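Below is one structure, written out as structure tokens; the observations come after it.
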Amino acid sequence: MRILMDERGKKYMVADQEFHTDFGFITKDDVVGSKAGDVLKTHIGRLFRVIKPNVNDYIELMERKCSIILPKDIGIVLAKTGLGSGFRVLDAGTGAGATALHFGNIVGNEGKVYSYEVREDFAEIAKRNIKGFELKNVQIKHQDVTEGIEEEELDLVFLDLPKPWDVVEYAKESLKIGGYIAAYNPFIEQVQILQRVLKKIGFSEVESFENIFRGIEVTNKGTRPKTRMAGHTGYLTFARKL
Amino acid sequence: MRILMDERGKKYMVADQEFHTDFGFITKDDVVGSKAGDVLKTHIGRLFRVIKPNVNDYIELMERKCSIILPKDIGIVLAKTGLGSGFRVLDAGTGAGATALHFGNIVGNEGKVYSYEVREDFAEIAKRNIKGFELKNVQIKHQDVTEGIEEEELDLVFLDLPKPWDVVEYAKESLKIGGYIAAYNPFIEQVQILQRVLKKIGFSEVESFENIFRGIEVTNKGTRPKTRMAGHTGYLTFARKL
Amino acid sequence: MRILMDERGKKYMVADQEFHTDFGFITKDDVVGSKAGDVLKTHIGRLFRVIKPNVNDYIELMERKCSIILPKDIGIVLAKTGLGSGFRVLDAGTGAGATALHFGNIVGNEGKVYSYEVREDFAEIAKRNIKGFELKNVQIKHQDVTEGIEEEELDLVFLDLPKPWDVVEYAKESLKIGGYIAAYNPFIEQVQILQRVLKKIGFSEVESFENIFRGIEVTNKGTRPKTRMAGHTGYLTFARKL
Amino acid sequence: MRILMDERGKKYMVADQEFHTDFGFITKDDVVGSKAGDVLKTHIGRLFRVIKPNVNDYIELMERKCSIILPKDIGIVLAKTGLGSGFRVLDAGTGAGATALHFGNIVGNEGKVYSYEVREDFAEIAKRNIKGFELKNVQIKHQDVTEGIEEEELDLVFLDLPKPWDVVEYAKESLKIGGYIAAYNPFIEQVQILQRVLKKIGFSEVESFENIFRGIEVTNKGTRPKTRMAGHTGYLTFARKL
């Protein structure tokens, strides 16, 4: 799997096969034989640059049927929990696999990501997406996380579920001492219930946050924050087993 | 190196030596023989929990003489650039080594972080901090990055410098196709100059952002955003070599 | 001039004449004879409530060919400058007259608003808008404020101009001791120049602000900030003659 | 009552009496005979400028024993409700009288502000504060607004109370058609209950907002948002009787 970028900057995800666009086609041999940085030519002479697929490029272009957590939010999860190489992560629900891709991209060969998804169609898409990005450390499980967590010695349990509190006890058992639970929720009522359950069950350092992320526009007319922005995505709640 | 946490939740970073607090002392043997999850007892019977030192715990407790980029900001860098296992990163200036620690924590054994710091005293502190966290993939270089970048095939060049534009040409040469430059700057004038230089030198996808990060407080009195927050830390600017 | 509201909550501004809608018509006599709170019936029996036209209702429905400062921004001007009954205000440029309407609505019979507009077409629209809202204390002047301010003893000079600094010296002469200058500008470069000129010319308490205004949505699904919001409108700069 | 400002910019509220500072004293005759713009001299020759007391100057310097709604929030109330000359306003609870001062400052001689305060000590302070600012259109009532509203034909009912929903039915009866209710509350739970009660009782255009207000700092070092800001003050909820 690689990204090809045309002369206008438009990106395409291209598997090991002949590649057709409105700028002509590139042969399977050329595609398969290319490496990042190469420039490929179509049969009518248009140029495509081969780019190493960054996880965000990949997520942007991959198949998905549901909304995706934005980098601004997943980034807070990565930095607050100190996710690193070798970590063991539980992710639920998988959705199209975007967070699992971010986690798998980081934890490396010595780490492992287990991603639970209750909907079979989503789990199938996610499996294809993980395979396409060639991650060997992510296991998509078509399983209901509210019925239990099979893994142990986890560093992070990340929950993007309507009722994350249903999983809090399982998370407590499965986390290492020092491990984190993190949840993403659009509504403040979810944060309220989750915080109460986390505190009751004995998690420490229970905190919630939101992130107002603005683009800054520098043009010849002047500099200002972008007029378009998302007013809200979700709240992030963190807690720790200590 | 490990974190010990007392009964009040206060954390201490403890090297391989006898540990003294106002709750009594723990012998060197007990300290050295402990592993995450253990509970150690002082000579007067007070309990300390041993915790695997998360990178944020470590940064909070380590030696430093300068301000540190907050998780809210470093998280955006991690997520936007898709930093992952095996990546090759240049970091400058090092400061106390907080960003180098975050990067090193992620890129793993197959990745590498080169961190340039022009001030010798900072470089020495950073070396000790990296060593203390037992990262083998981070190299602190007491060197002025504005005089050139020696490394090649980089995935990310991260700049926390007053004049990041001085490094943009070197960054362009040293980055892989698809690689990112990211910069953290407190002032909008820095963003303006940096964006202009990045565009002039031929970087793509030049974007700047800011991140307004609020804690949400859930107490018995009610739920609300925290009244204390930072109004501003820094702007983040990203660009890509395509 | 009055507002009629139909059964769906849609509002119409209605002058002293027969009123036609897709719900039928109301006779001129009924319209002219109505007062706030009355319910009028169309010839096919549909009901319209008569509402006292609030300044915001009026601005929303009035004729305009340019963008309008939002209540979130004009409100800061009102509150920061302590605008009150009897104040003498200069407003430039008028645009469609929205800020002049807000100011005129507040300063009352003993106050006065002078509004300068360099474009004749805008000045004509603004005159009609002021007349329609029946304000007698607002004078629209088709005049270039950068050529001078004729009025004296002003409490507030409000500038919504690309280069407000051109007017700062005139403003200083025309303001009372204790009076305010306030400016609305989309770009940070404008704020920078304006602040420097204000300080150089001897204004005191020079301050700039921005206002991130979010709707909060309370529905059966839950409570959260609205996902749609303006990321930026303009910066507000204030200074005082002391 | 007038404001005297010393050479450092420090302001003093001065009644009709001899004025003493660490820069010497000014005689009662000089004080009483002064008008805005005059410069008074102390017996040791230090200068004080006489300033017309703006409502914000006055609120800043007046006696108060409770927190005060900030201009950023009261401004939204003024602008969203279109408060103007001649309006009839109910305000509760009064506190030190800051909102009553803002409202009284605007509605003028033809308007009227009724301000209910259940605590006698606060009501007494507020009476003195209103008298000191020489507003004749504000009546402070030592009365519990949750027991009923005596006034009718109101344009605005403003509530800064822990349980504003207790007053919603009274407000509905007392407001004019087209009139507004507005409430200021720190907690989201208050917003949730209030919105539900407002909708149930038949108010229209029920909306809630928050306002993140940042200072922008322009110095020789550069331009940036101020690092200090309030993360939260209160939510503002509006509804209308239509």
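Going in written order, the chains are labelled A, B, C and D, and every chain counts its residues from 1.
As a convention for this text, a contact is a pair of C-beta atoms (placed from the backbone, for glycine too) under 8 Å apart; a residue touches a chain by one contact, two chains touch by 3 or more.
Fair warning: this is a prediction, and the values are worked out from it, not measured in the lab.
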Measure off the straight-line distance from the CA centroid of chain A to the CA centroid of chain D, and report it in whole Å. 48
With chain centres defined as C-alpha means, what is the inter-centre distance between chain B and chain D in Å? 45
Chain A and chain B, separation of their C-alpha mean positions in angstrom: 21
Would you mind listing the residues of chain D that make contact with two or more other chains? 188, 210, 212, 214-215, 223, 225
If each chain is a dot and touching chains are joined, what shape do you get: line, ring, star, complete or other? ring
Chains touch in the following pairs A-B, A-C, B-D, C-D
In the complex, chain A residues that touch chain C: 186-190, 210, 212, 214-215, 221-233
Touching residues (chain side chain A, partner chain B) in the complex: 3, 5, 9, 36-37, 49-57, 71-72, 74-86, 102, 105-111, 176-178, 188, 191-192, 195-196, 204, 207-216, 218, 223, 225, 235, 242
